[in-house]
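Listed after this line are the structures, all set down as structure tokens.
Both complexes below contain chain A, partnered by chain B and then by chain C.
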Partner chain A sequence: MSAFLEIKDLHAKVGDKEILKGVNLTIESGKVMAIMGPNGCGKSTLSAVITGNPTYQVTGGSILFKGKDLLKMTPDERANAGVFLAFQRPTELPGVSMAQLLKAALNAKRTFLKEKPLDAVQFMKHLKVRATALGITDEMLKRSVNVGFSGGEKKRLETFQMAVLEPDFCILDEMDSGLDVDALKVVGGAISVMREEKRSFMIITHHDDLLRYVAPDKVAIMRDGKILQVGDKELVAKVEEKGYDNF
Partner chain B sequence: MTISKLPFLFNRQEKVLIHHPDEHEWQFIVQERGELEAFFLPINQNLKVSVILNGAGAKSDIKCAYLSNENNDLKLDIQVLHKVKNTTSNQQIKGLATGESSVLLTAGIEIPKNTNGCEGYQNHRGILLSDKAKISATPQLEIWSEDVVCSHGSAVGPLPDDELFYLETRGLKKSQAEKLLLSSFFNDIVPGEFRTHIKEWMEQNV
Partner chain C sequence: MQEKKCFFLTFFNKSGIFIGMNKKNADILKILKGGYKEGFSIDISAVQAPKGLSEEIVRFISAQKNEPNWLLDFRLKAFRQWQKMPEPHWLKGEYAPIDYQDIYYYSAPDRKEKPKSLDEIDPKIRETYDKLGIPLKEQEVLSGVAVDAVFDSVSVATTYSKALKEKGILFCPISEAVREYPDLVKEYLGSVVPYTDNFFACLNSAVFSDGSFVYIPKGVKCPMELSSYFRINAKNTGQFERTLIIAEEDSVLSYLEGCTAPQRDENQLHAAIVEIIVKDRADVKYSTVQNWYPGDENGKGGIYNFVTKRGLVLNDAHLSWTQVETGSAITWKYPSCILKGDNAKGEFYSVAMTNHYQQADTGTKMIHLGKNTTSTIVSKGISAGKSSNTYRGLVRMSGTAQNARNISRCDSLLIGGNCGAHTIPVMKNENKTAIIEHEATTSKISEEQLFYAQQRGLNKEEAVSLIVNGFCREVMKRLPLEFAIEAQKLIGIQLEGSVG
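Moving on to the complex of A and B:
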């Protein structure tokens, strides 16, 4: 059987600048992989390439997701196949509300799966349960997506979208930066609830803040566009203590 | 309002909403304390609007939403003349161009010498929905009086890539993402009764 996610010798650049310089990484089904690495080493670029951001050109290598060649798929096809990214810096969408966005997204997924769209009552119910759990108010659902929200609120809204869309592969890019202690607990809880056999997580982080609530199965250390080492969760403490110079 | 001979005279507060398939030339004269509020919706159609603020306290508020597709060439010309002191004008123009269409917008404000205490505002945003569509906007500001408040701005370009990408990562096809981003684009200028025209156009062209 093929791995859940298998990245081989992945190279990507922007303009003339090579950012990913041969990334190799395998994530198994049902696992949490933490990715740690210094600023600018290419963590967000990796998440952008996995999700199909056209800013980055892939110049070599492959990404297989449940046996499917992700690099041949459009961003929306990847999303509907189950790939989700909680952005490090979520994009503002003036004029589009969170409720509108999620309705369109859920229906896109259901159309893709050849299911009927949710009716208004089912949709609101699906949203409300998760909104309550994550402290998302009705007012936040009505406002333009990410416009004028605080850093921590944006992160919670990203987590909320993940909870609503129930993707199989969740990439969380620095979810823990900007979250206060209580929000961290709430977000950590939401992720833990979602952990199951068919779902994997890639948690990009600089600290053990979120990892205290969501214990990683493995930790990968990234530097200068490559994965240098993959180990178990003891690596987190090593990074916290000694930084990246020893890798 | 009933349509009679040009130009239309305004000496009180009045609202006109214009989506008129055959007529594309409009002239308005706003008299003392008259207030004109007009909305135009040219769809693959030329438009020529001239407003003369002709009495003290006269105001005009012109809103225009344009749509062009296929290989249509649109000429939109909106001119406001502040003929007397203490008059106020505002122009808000928004539009979409797709296919191989082109839009040429000239929007003007004229405030002659010694016409004091006037305010004139103008704002335009055009969105290009295809590589071959063109929108060129030339503001014509002829401000000869010194005691005025004026501002203008114009921005033309495609929908922002990062906004489209964000929506695509949520599972929306590019065309659905475009539709969603555009669904509220005209809301601040288009009166409710005209939204269906825009919706229909978008269904066919986005």
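Moving on to the complex of A and C:
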């Protein structure tokens, strides 16, 4: 049986600049993988390449997701196959409300799965339950996506979108940066609730803050475009204590 | 020989689809009785006038409609004036000079060879109907397969028109108003848009076919949105619609024009006039969704739409224009407000979207005459393909417009690198106490925005459509809800093929 996510010798560049220099990483079904690494080592680029961001050109290697060749799929096909990215720096969509975006997204996925679109009542119910859990107000749902929100609010909204779309593979890029204690608890709680056998997480982070709420099954250390080491959660403490120079 | 003139009193049901009522007019021969005028040499038993425009043709049209002399005089004056006017070509765009002698100016609606079934309709248009969720019966009406389709909801429509009557509201074809309420029509026709106004308005005044007439009595709030659209199915008959709306003091009206379904017409030339009189403290909102055939991907065919829309706004009155323009090969249209009364308020909210080889030159004129008059202009232009999209606006503060104020915002969104967006705001401030504010932006949809939406599962076209609709939200939300939902879908459909 193939792994949940299998990345082999992945190379990617922007222009002439090589950023991913042979990434190897395997994530099992139902597991939480933490990715840690210094600024600029390529963590966000890895998440961008997995999700198909056209800014980056893949120059070698492969990504298999549940046996499917992700590199052959468009960004939306990957999304509808269950790959979700909570962005480190989410983009503004002026005039588009969060509710609108999520309705379009949910219905796109349901169409993809050959299910009927949700009606307005079902949709609002689905949305409201999760909004309440994540402390998202009606006002926030009506406002333009990512326009004028505080850093912490944006992270909560990214997590909220994940909760609404219920993807199988969740990549969270620094969801813990800039969160106050209470928000951290909320985001950590949301991830914990979503943990299940069919769903895996890739949590990109610099600290153990979020990982205290969501114990990772494994931790990967990334440096200079490569995964240097994969170990268990003791690695987190090691990084916190000594930094990346020992890897 | 029966002449059937279709007039739809249309209302929107919950799903945003209109339901209609068909009203037949009398026997053409009966109409023609007494319509014979001296020196009139066209065979009056013909249901179609020969091609071309002459005094005889104008007389013929008037006779066909059994019009009173004052209206014939109005038409003739307009025609004589029109002959002296040159065709304007100042708009940002190009079109070959129109051969006005190669156009039919009158023909009875039912003469055209109609498609026998929906199977004969361009599959592309049918696809659009399906995407908009228009029921089959209605598709038949829209495409001209069935002109007389009797809707299940006739009784509903009748109830509505009864409700209107009870309030003293008049809503009927203008040709009927000429017969039934001649004094009103005589008093107001041409009072806001005189026939001398411009070339196309002048042409319309000479040959207008039909249109709507609305009268809202003093103090009456119209209990429903009034909507109408006209279908004249004769081949090559220029469409010269004429609408006259009179809102008496303290009255309230919301009026919808057009339809999101693509409207096909063999006639290239459309020159319509809308005149609105908004008396003291009255409030009129006029919303348009224009989706005339824009021509094909190569710029072949398509409607030329030259429209003059203007409202006269008196003391403490309010006129709001909202338009979503997605169709036509050429759009030339400047819904305007003459803010004559003190404290009068004018608004213009517009989305103009062009794709392929479409050319839109649209905007507004806000003429401030009264004290403390205010106007707001919000224009959103979206250009894709090889199209050209121009905002052209005039804000004039006259010497009498003490403390008048205008705020204008014109945003352009470009999709792809082959289209053009232009903003031509003209500001004339003749009053020291008046203030004009103008802001303009031009933007593109960024790669990051597209990727963000795609990452959430939307395909590229859905992503572009979502972002474009976001760009126009401020205008869209001013449309009545059902209309807005339809208009949103429409923008998505019009964008198809514009993203690589």
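Rule of thumb we're sticking to: the second predicted complex is superposed on the first by the 247 of 247 C-alpha atoms of A that agree within 3 Å, B and C clash if a C-alpha of one lies under 4 Å from a C-alpha of the other, contacts with A are read in each partner's own complex, and residues count from 1 in each chain.
We adopt the following convention: contacts are C-beta pairs under 8 Å (C-beta built on N, C-alpha and C of every residue); 3 or more make two chains touch, one makes a residue touch a chain.
What you are looking at is a predicted structure, and each value in this text was computed from that prediction instead of being measured.
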Fit-or-clash call for chain B and chain C when the two complexes are aligned on chain A: clash
Touching partner for A:Phe160 - first (chain B), second (chain C), both, neither: neither
Touched partner set for A:Phe201, first chain B, second chain C, both or neither: neither
First, second, both or neither for A:Pro54, with chain B first and chain C second: both
First (chain B), second (chain C), both or neither touched by A:Thr91: both
Touched partner set for A:Phe65, first chain B, second chain C, both or neither: neither
Single chain C stretch clashing with chain B - from 1-9, 37-45 or 91-99: 91-99
Common interface positions of chain A, toward chain B and toward chain C: 51-55, 74-76, 79-80, 84-85, 87, 90-96, 100-102, 104-105, 108-109, 112, 161, 165
Chain A residues within the chain C interface of the complex: 51-55, 74-76, 79-80, 84-85, 87, 90-96, 100-102, 104-106, 108-109, 112, 144, 161, 165
Chain C residues touching chain A - in the complex, by the definition given at the top: 446-449, 451-460, 462-463, 466-467, 469-474
Chain A residues within the chain B interface of the complex: 51-55, 74-76, 78-80, 83-85, 87, 90-96, 100-102, 104-105, 108-109, 112, 161, 165
In the complex with chain A, residue positions of chain B that touch it: 161-163, 165-174, 176-177, 180-181, 183-185, 187
